[in-house]
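Order of writing sets the chain letters: A, B, C and D. Residues in each chain are counted from 1.
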Amino acid sequence: MKYSFRNDYSEGAHPAVMKALETTNALQTVGYGMDIYCEEARNLIREKCALPQADIHFLVGGTQANLVACAAFLRPIEAVIAPDTGHPLVHETGAFQATGHMVIPVPSNNGKLTPQQLCAVCRAHSTEHMVQPRMVYISNATEVGTVYTKEELSLLHNACKDLGLYIYLDGARLGCAMVSQDAPLAWSDLAECLDAFTIGGTKNGLLFGEALVVVNDALKRDFRSHMKQRGAILAKGRLLGLQFKAILEDDLYLKNARHANAMAQQLQEGISQLGYSFLVNSPTNQIFPIFPNPLLEKLSSLYEYETQQTMDETTTCIRLVTSWATPQEAVETFLADLQQLGTLI
Amino acid sequence: MKYSFRNDYSEGAHPAVMKALETTNALQTVGYGMDIYCEEARNLIREKCALPQADIHFLVGGTQANLVACAAFLRPIEAVIAPDTGHPLVHETGAFQATGHMVIPVPSNNGKLTPQQLCAVCRAHSTEHMVQPRMVYISNATEVGTVYTKEELSLLHNACKDLGLYIYLDGARLGCAMVSQDAPLAWSDLAECLDAFTIGGTKNGLLFGEALVVVNDALKRDFRSHMKQRGAILAKGRLLGLQFKAILEDDLYLKNARHANAMAQQLQEGISQLGYSFLVNSPTNQIFPIFPNPLLEKLSSLYEYETQQTMDETTTCIRLVTSWATPQEAVETFLADLQQLGTLI
Amino acid sequence: MKYSFRNDYSEGAHPAVMKALETTNALQTVGYGMDIYCEEARNLIREKCALPQADIHFLVGGTQANLVACAAFLRPIEAVIAPDTGHPLVHETGAFQATGHMVIPVPSNNGKLTPQQLCAVCRAHSTEHMVQPRMVYISNATEVGTVYTKEELSLLHNACKDLGLYIYLDGARLGCAMVSQDAPLAWSDLAECLDAFTIGGTKNGLLFGEALVVVNDALKRDFRSHMKQRGAILAKGRLLGLQFKAILEDDLYLKNARHANAMAQQLQEGISQLGYSFLVNSPTNQIFPIFPNPLLEKLSSLYEYETQQTMDETTTCIRLVTSWATPQEAVETFLADLQQLGTLI
Amino acid sequence: MKYSFRNDYSEGAHPAVMKALETTNALQTVGYGMDIYCEEARNLIREKCALPQADIHFLVGGTQANLVACAAFLRPIEAVIAPDTGHPLVHETGAFQATGHMVIPVPSNNGKLTPQQLCAVCRAHSTEHMVQPRMVYISNATEVGTVYTKEELSLLHNACKDLGLYIYLDGARLGCAMVSQDAPLAWSDLAECLDAFTIGGTKNGLLFGEALVVVNDALKRDFRSHMKQRGAILAKGRLLGLQFKAILEDDLYLKNARHANAMAQQLQEGISQLGYSFLVNSPTNQIFPIFPNPLLEKLSSLYEYETQQTMDETTTCIRLVTSWATPQEAVETFLADLQQLGTLI
């Protein structure tokens, strides 16, 4: 069995999460997320974010959370602005567009958007013959592992307010962004800079689950009805509340993310010391080393990973992902294997 | 804490399911349902149904499964025929219609459709100014606990073939229908009479999960893409495979359903013996007794249940639901309480 | 060539309309309905309705106007209430549903809705698992020729305000309703009782065109963008303005309708005097006589008309439609032919 | 009154079209495009294109034709490839996306696509987490006046066949492309190289109307139902048939286009001789001269036109459009005015 650095959802859940599910298994609760565990988890998030009025909804997956937000927040003629590397434009099989909304791509090398780009898009959409840009989609950490600083988020938020845009953050890998050494974020930073955001659980210790935090009052109305319409209310909603409660207590959420980042950084530094370069310098749990193709032929017989892109005729960029579940031993073995393989070719 | 007969998803999962999740928790698998556990569960279903060529997909919830099937199986001008009591017309917040499809309601007292009704709908939709009926939606057991016999299913199926319709069965409570004393069905009966159907796990022992079985080749194409577009591919897809494998082995699926039915029938008989009548005579795990309102005032302080409908000025019909998790003691206590309350008013 | 009573759009346009198009043909204007003729026509409607603040849009066809209103006025989880005989449920190939909205059918024998029916629908849609009824669709005259009195409209309007519903009137045959002897309506009555309504031109003297009057401020926002998104802004928008201006001046709109009604009433009275009965007693330009099948065999070789429905084994109800273009001679000839045919069978 | 070079739909219709409408005005026909005039116009197109089996539909406008084609031809997970300058991405308020389909933008300077670009898009969309590119949208003449040669169209068509794509041509300005001096096209060239295309009438002599020619059998099914669902069947459909018949007889369609092109080329040459440059060298009826801003200040008091884009701090590109209706005198006066204004600044 090859060890897999393919993604951060290869294992089940953190033991604390499994225990929470196990110990409450026989208890009866009401359905659809109206139970006491969901309420406790909501209150934990409200406290952390200092957002006593926030609406918080628990959804099973990230694409699901994104598409319900898109359907609920936008009128038919309104569009999303997203980096051209963003999930809704690449890896969600047109889920946003299937709700009837255009997603306007903005070129991005590092997975991030700038206020200047938002201004340019808005200026270019000025008549009734064009869609109205309304929601900005960003992810943090981004699809290429980069992060927004607090200041960058704040500037984006101000630009959005000026331009009449909502800003929505896809936090599938939010924990890793929050604890990144380059650009740490506090829970309250999110609350201050965003109209809505998700707290990704699936990739940070849960069996599944994303918490959607709706900060802006204008976006709160009837959200549960929109969830139901898109098949996104879990019958046994308590499973989501229980898991989020388990992961938010004792800051396990951030601890998990710190471990994931530490493992990735150890990989990145080790690979760098062996003389290899990277597509992008990532401070989070996804790294993008560039290796010679003959080396990859051998490496692929030992490890699972994804190919990111062909660089030139002789080298390829791959993606290595770590998580709360990655044992340090796997990292060290990988680096040793890499060193040895490097001497063979 | 009041005991709840509100629904069949008040508890967690059957211990065998929990154990399957626990023992595999640390193992790595690929994502999105392409893992070995999902494949094993698929093969179990194929064997039971004697459908070696069936496509089988695992989805998290019932509304989700229904809406993806609707989106995937139909062209924009095609419509669904459903009983007016059916889930898509009543309790899914317009999920089918949100995919752009009309659902044509057919009046039904007992939750069931007849071949004659299908013919009438097709005759009435004859020009290009009307939608084209294409998919028949039925549920078994129905929303009011009734079941289709093998012969009824077979006649519906033949009518559908004659009329150019697909027949889709929502099996949220399929187990209880299959083992009902009135109209037992074998797995192979489903395979013979349906173009596609779901095997409901959420209400029969799983934490969550519905298996969608696509029998008709014409409906198979690109289904996973449609799932992704609707946010219905679970990242850790193995959770669905593991659960279904656990419940399908040793026929636990049907055992659970037998228990649920037995508890409901014990309730129904006991209530009947106390002199109360029912909205409908249900052979499955939902029963619909009619009680005097003063009695309900007292009963509601002891038990959780749903109100089905007002019958007249003095009586109301409620719904009592049992499941794999209902202890016989709860049934007996309920009947004793009912007897005692009956004497007080 | 058989004379056609099939519908009220068998001919071109009233000569006054043709003349308006002809005399302005070579003049240049801006496109998309922003020209001076559209503005003049809008002002004529605003004056007639005493609605100086109304937004008025010109669309090419009725289904188009209905579906854009549905898409623009409703949020995804909101639904339309309509009589089960209404156009959106029967003759628009699912146009409303294709915009993602459920249409809730209400049983109706005479094509009309009552406040009681609206209350019942709203009461039955009470949870987030159900769509939210928001827009009431009525037509006047209805699909079976009947009309709402001023008082009926007013009661519906009040019920809608109480229930949080918008009321939208499809006025494809509005002129004939306004001048009907049973229930005449003034322009200002429409303005008082409706949130939005169309003034049908196609069936009352125009080549094509429906004017959509948006009375309620809450429904005005970005309507032209919604039109464009649904392909409903005509490039040479002036064609609509010119035609409506021509028909609204000198009350030609109501004169045309009076002629259509008069021709239909003459038909209805003549047929009645010959001893035939009717499906419904219509005061407008569609009438629904019931004839013996042998008579229809002969009649169909002389006239074009539509079959409405089979009544029993020996009789059938047909629909005869008159318009501004129906010559009195055609009516008289029809009655003479009917009398003669009646004597032959 | 300033003369307008703003677009090619500033006037009414060619006199031959008006005459056809006038002379048939009082005649009765069936509705919805099933009349004899539509059938004659369809046969004229079939003959010209040597496509006896083609399905031909008449629609009122271009955005309408495009969106119905998109809705009818594609399954929900399928996407359109279009140049980023194309109408569906810029000027149709998200009409394609409102039918649920993603439009994948391809960078284009000259408004055209290449086979290499199609290959690259298809290679990049390889998994079920991505939409499936299926329909290529091109326009001819393009939005910047350029044209495809027969060979370019043929190569695109071959690439599409290899890649499993349909190719759809938006012919809003098809006439001007067909008679362009650079790249003339015969009717049969269109039939050979395309799966479906529109013949634009609105901008070439009709009051309104686009003919959609469906060449590929796979795209023909139930198209009229799709039209109805999108509000795109005109009640008095004969208006479209009559107009197309009038314009297709005696090759008036191509004559009109030749005049439009000739006027534009005279403008382009005259402007060039006065020393000004162009954004693009257009062989059709839209030209894009670049003028100093002070000159434009004066020019705008004499003529109507659209601003295309700011070039730098001192110059701006405008768009001048001619049509069948542009008098040569207007062209000559414009050039004289331009010369005079040029001497003043």
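To be clear about the criterion, a contact is a pair of C-beta atoms (placed from the backbone, for glycine too) under 8 Å apart; a residue touches a chain by one contact, two chains touch by 3 or more.
Not measured: the values here are computed from a predicted model.
K.L.:
Kindly point out which of C-D, B-C or A-C repeats the A-D interface, defined as over half of the contact pairs being the same residue numbers.
P.N.:
Copy of the A-D interface among the listed pairs: B-C.
K.L.:
Decide which interface, B-D or A-B, involves more C-beta pairs in contact, and give its chain pair.
P.N.:
Between A-B and B-D, the larger count of C-beta pairs in contact belongs to A-B.
K.L.:
Which whole number of Å gives the spacing of the CA centres of subunit A and subunit B?
P.N.:
Here the centre of subunit B sits 34 Å away from the centre of subunit A.
K.L.:
Could you please state the distance in Å, as a whole number, between where the Cα atoms of subunit B are centred and where those of subunit D are centred?
P.N.:
51
K.L.:
Which subunit C residues reach two or more other chains?
P.N.:
Expected reply: 71, 76-77, 92-94, 98-100, 128-129, 131, 225-226, 228-229.
K.L.:
Would you pull the subunit C residues touching subunit A in the complex into a rising list?
P.N.:
Those in contact with subunit A are residues 71-72, 75-77, 99-100, 128-129, 131-132, 222, 224-226, 228-229.
K.L.:
Note which residues of subunit A are touching subunit B in the complex, please.
P.N.:
1, 3-4, 6-7, 9-13, 15, 18, 21-22, 24-31, 60-68, 71, 92-95, 98, 202-203, 207-208, 225-226, 228-236, 239, 304, 325
K.L.:
Give the list of subunit B residues in touch with subunit C in this complex.
P.N.:
Going through subunit B, the ones touching subunit C are 76-77, 79, 90-94, 97-103, 105, 128-131.
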